[in-house]
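The two complexes that follow have subunit A in common; it is paired with subunit B in the first and with subunit C in the second.
Now for the complex of A and B:
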């Protein structure tokens, strides 16, 4: 069965995307990426602190991966556009994860500014993947603005709470003809599978892998869960019933 | 003369180019991104862009992020 995911003209084999924040040691990241099978990797862009020896993340990401810089730190569309253009100037491609946040407690994205940034960057030739609160009308606007995918959150960033927005994400999956990627909040592989079972195209996981006891093994667990959930979705899940329905014949008893 | 480099004052020699500054700072030019007076400074211009007194320069790199 051919099951393609194409984003920005790139055919992806793996529906798990991973982030690179919060790892206790960046040197394990190449192994995490390998075990996860992820082809799309997120990074952030920051000022160099000349007083610290902080390493450049590019040293740890294989060159055949698609780099998806985020615009974290942006509080409005103009700042997101500024960061996106700088990220592209690195020569590492034209994918961008728009992240516009001004709420410091829950880190919920600003859908209005995200739509604006999407329009500007899509017109400028970026492959735009906007992180968003799961709202159908915002997803429609983001699609009209030229996004390559929409990325609704499952739960607030870094909470590991799982797919708390399931009903709203499912509506977006049903109504929006773009890949829907659940980004943020997933804490366990079963929750990634839950996303895939409702027809989500891919998931983006960072904290759950980075803060696991063994991040490389957890990355592999997420990879398998994403594959399992996708297969379940493609196979067509059975219906749920209110009352019991015996699986064994109800005749011929001893 | 001096620059405002990543928000702080930095003394530099006259006629320093962006490329020369990066090398003086011990950076790997292929792995950083530069904004010069609020405009993206494309890598192909680093050799020829001479920095001027009070220019604002941001030098950035990729770090871990989700």
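Now for the complex of A and C:
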């Protein structure tokens, strides 16, 4: 059976999504996208300078990619909705990653406002991918509100700490019948693989790639790790045991 | 409770005895740990901390990269007027100084805006002297209406306002406030601000908080380095930034690090803040508040500014003029202070790229 990931009616071949903030030069981005094989690219609307050929980040994103503008800077649902509508009116398509953050110290998302924004934007025809703190009840509300996927954080944005929320994300994977995409906090390819091994549908990575010594090579490393993790999940990971399993068990004669 | 109560907790603190107790091991331990509290921040600022600038800088660089990426945000200041009602002994705009005074007409604001925007600048900081009479809120609002056509973000550095006035300006399109306490030491403050509304220490101190309460998106505070003891002033500024960040997490906090520059008048700084001390402040602030924006203006020279990229700075001004009408008008007035980094926007952009960082012109959009 084919291993399909379908979001908003689009079938995706690659389960690594890429963020575009934090790069030392926008000119690196095309190579990063190519090496990562990513099809879904997120861009903060606040950063898109439509009036400047050189500074307009969209000029560095291949046309065959799916552009997923995000609402970075929104402090409540109302601002997120306004940013989303501005993005669509500016020609950025109808995919939107909702980011509602009213806490500049930890940059943790506001799940309550995120649910509200999801409901409004989904009704308005957007393909909504909300970034959230991994909470099952909030994920249920987000699903009911019409989201196309849920995007729980692995660790706070930019921390590169890895999948610190593993137990909570796993519950969401088990209980929510939407693609679960781990967004934020992944610092190493092995952590992306760890996400995929527990059945996460995809991961979104920015800081770990953008701030790497060689971003394009790191992007490729993430691509391979995501593939490896997905294959491991599909093949069924072996169980872990507290004690060693002897190859000649004591009760083997039975 | 306002920040003044926090200030009082440390106003009579025995800093000297504290510094004597700070050990080399203390400093090294603080640099290595995750999360720095206020007394640890003070230890990093201490004379003992100066011995460990390199490991502190390494940590600062790592934290800055992690939270902001390889990015430097750019903006340009535009002086709307230099009329002032205050007598601050260290400032060229001092009401007693016989300088030519000017306020831009709305047509001149538009001319200036066109030139600055033509350089690629998308974020503008508008400044006035502190005269409500000459530059009332209604005038600022009229300017904002024009500037919104040219810039994605308009921030203000004007006299302190009441809460409802900040709200009025936010509603008309302002998204950020810069206001410096100038000096936290209350006695020094009173000695340096001889006349005018600015004599009110508490009203000024609470201004950033009033802006936060009004829903201001970003607030930038600072102390004018050189007016009083460098370490104590830096410490109070850090405490003030932390106080605001904790109480108003929805507002993006940042600080500026203005060192006193040559100006019209005879005032001599209380202390000279060395390059080394300024670096110590930047990196200690980064360890204390990892997500804090840190702004560096063209008061500093080009070489020093370029060297600071990557150490903790997140935002720089570019192509700045501190005269009213400095971009478009032939008529010259005195600037508020002398510019050290006189490079144009293109050159500063090239210098940032050369350091392996991306100059970012747009980081917000009025919604």
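We take it that the second predicted complex is superposed on the first by the 237 of 254 C-alpha atoms of A that agree within 3 Å, B and C clash if a C-alpha of one lies under 4 Å from a C-alpha of the other, contacts with A are read in each partner's own complex, and residues count from 1 in each chain.
We adopt the following convention: a contact is a pair of C-beta atoms (placed from the backbone, for glycine too) under 8 Å apart; a residue touches a chain by one contact, two chains touch by 3 or more.
All values derive from a computational prediction rather than experimental measurement.
K.L.:
Please work out whether A:102 is in contact with subunit B alone, subunit C alone, both, or neither, and reply first, second, both or neither.
P.N.:
second
K.L.:
For A:75, select first, second, both or neither according to whether it touches subunit B, subunit C, the two together, or no partner.
P.N.:
A:75 sits against subunit C, while subunit B stays out of touch.
K.L.:
Going by the contact rule set out at the top, does A:52 touch subunit B (first), subunit C (second), both, or neither?
P.N.:
In the superposition, A:52 contacts subunit C only.
K.L.:
Now for A:160: first (subunit B), second (subunit C), both, or neither, which partner does it touch?
P.N.:
Second partner only.
K.L.:
Classify the contacts of A:204 with the two partner chains as first (subunit B alone), second (subunit C alone), both, or neither.
P.N.:
Touch partner of A:204: subunit B, not subunit C.
K.L.:
Should A:11 be classified as contacting the first partner (subunit B), the second (subunit C), both, or neither?
P.N.:
Touch partners of A:11: none, neither subunit B nor subunit C.
K.L.:
Which partner does A:86 contact after superposing on A: first (subunit B), second (subunit C), both, neither?
P.N.:
In the superposed model, A:86 contacts both subunit B and subunit C.
K.L.:
Between subunit B and subunit C, which one contacts more residues of subunit A in the superposed model?
P.N.:
B
K.L.:
Examine A:26 and indicate which partner it touches, taking first as subunit B and second as subunit C; both and neither are also allowed.
P.N.:
both
K.L.:
Tell me which partner A:64 touches in the superposition: subunit B (first), subunit C (second), both or neither.
P.N.:
A:64 contacts neither subunit B nor subunit C.
K.L.:
Would you mind listing the overlap between the subunit B footprint and the subunit C footprint on subunit A?
P.N.:
Residues common to the subunit A contacts of subunit C and of subunit B are 21-23, 26, 45-49, 82, 86, 158, 207, listed in rising order.
K.L.:
Report the residues of subunit C in contact with subunit A in the complex, numbered from low to high.
P.N.:
Checking each residue of subunit C against subunit A gives 65-71, 120, 122, 152, 217, 245-246, 249-253, 291, 353, 356-358, 360-365, 367.
K.L.:
Within the complex, which stretch of subunit A touches subunit B?
P.N.:
It comes out as residues 19-23, 26, 29, 42-50, 54, 56-59, 67, 69-70, 72, 82, 85-92, 157-158, 184, 204, 206-207.
K.L.:
Quick check: in the complex, which residue numbers of subunit A touch subunit C?
P.N.:
21-26, 45-49, 52, 55, 73, 75, 79, 82-83, 86, 102-105, 107, 158-160, 207, 210-211
K.L.:
Using the touch rule from the top, collect the residues of subunit B that touch subunit A in their complex.
P.N.:
On the subunit B side, the touching residues are 6-7, 25, 27-28, 30-35, 40-43, 58-66.
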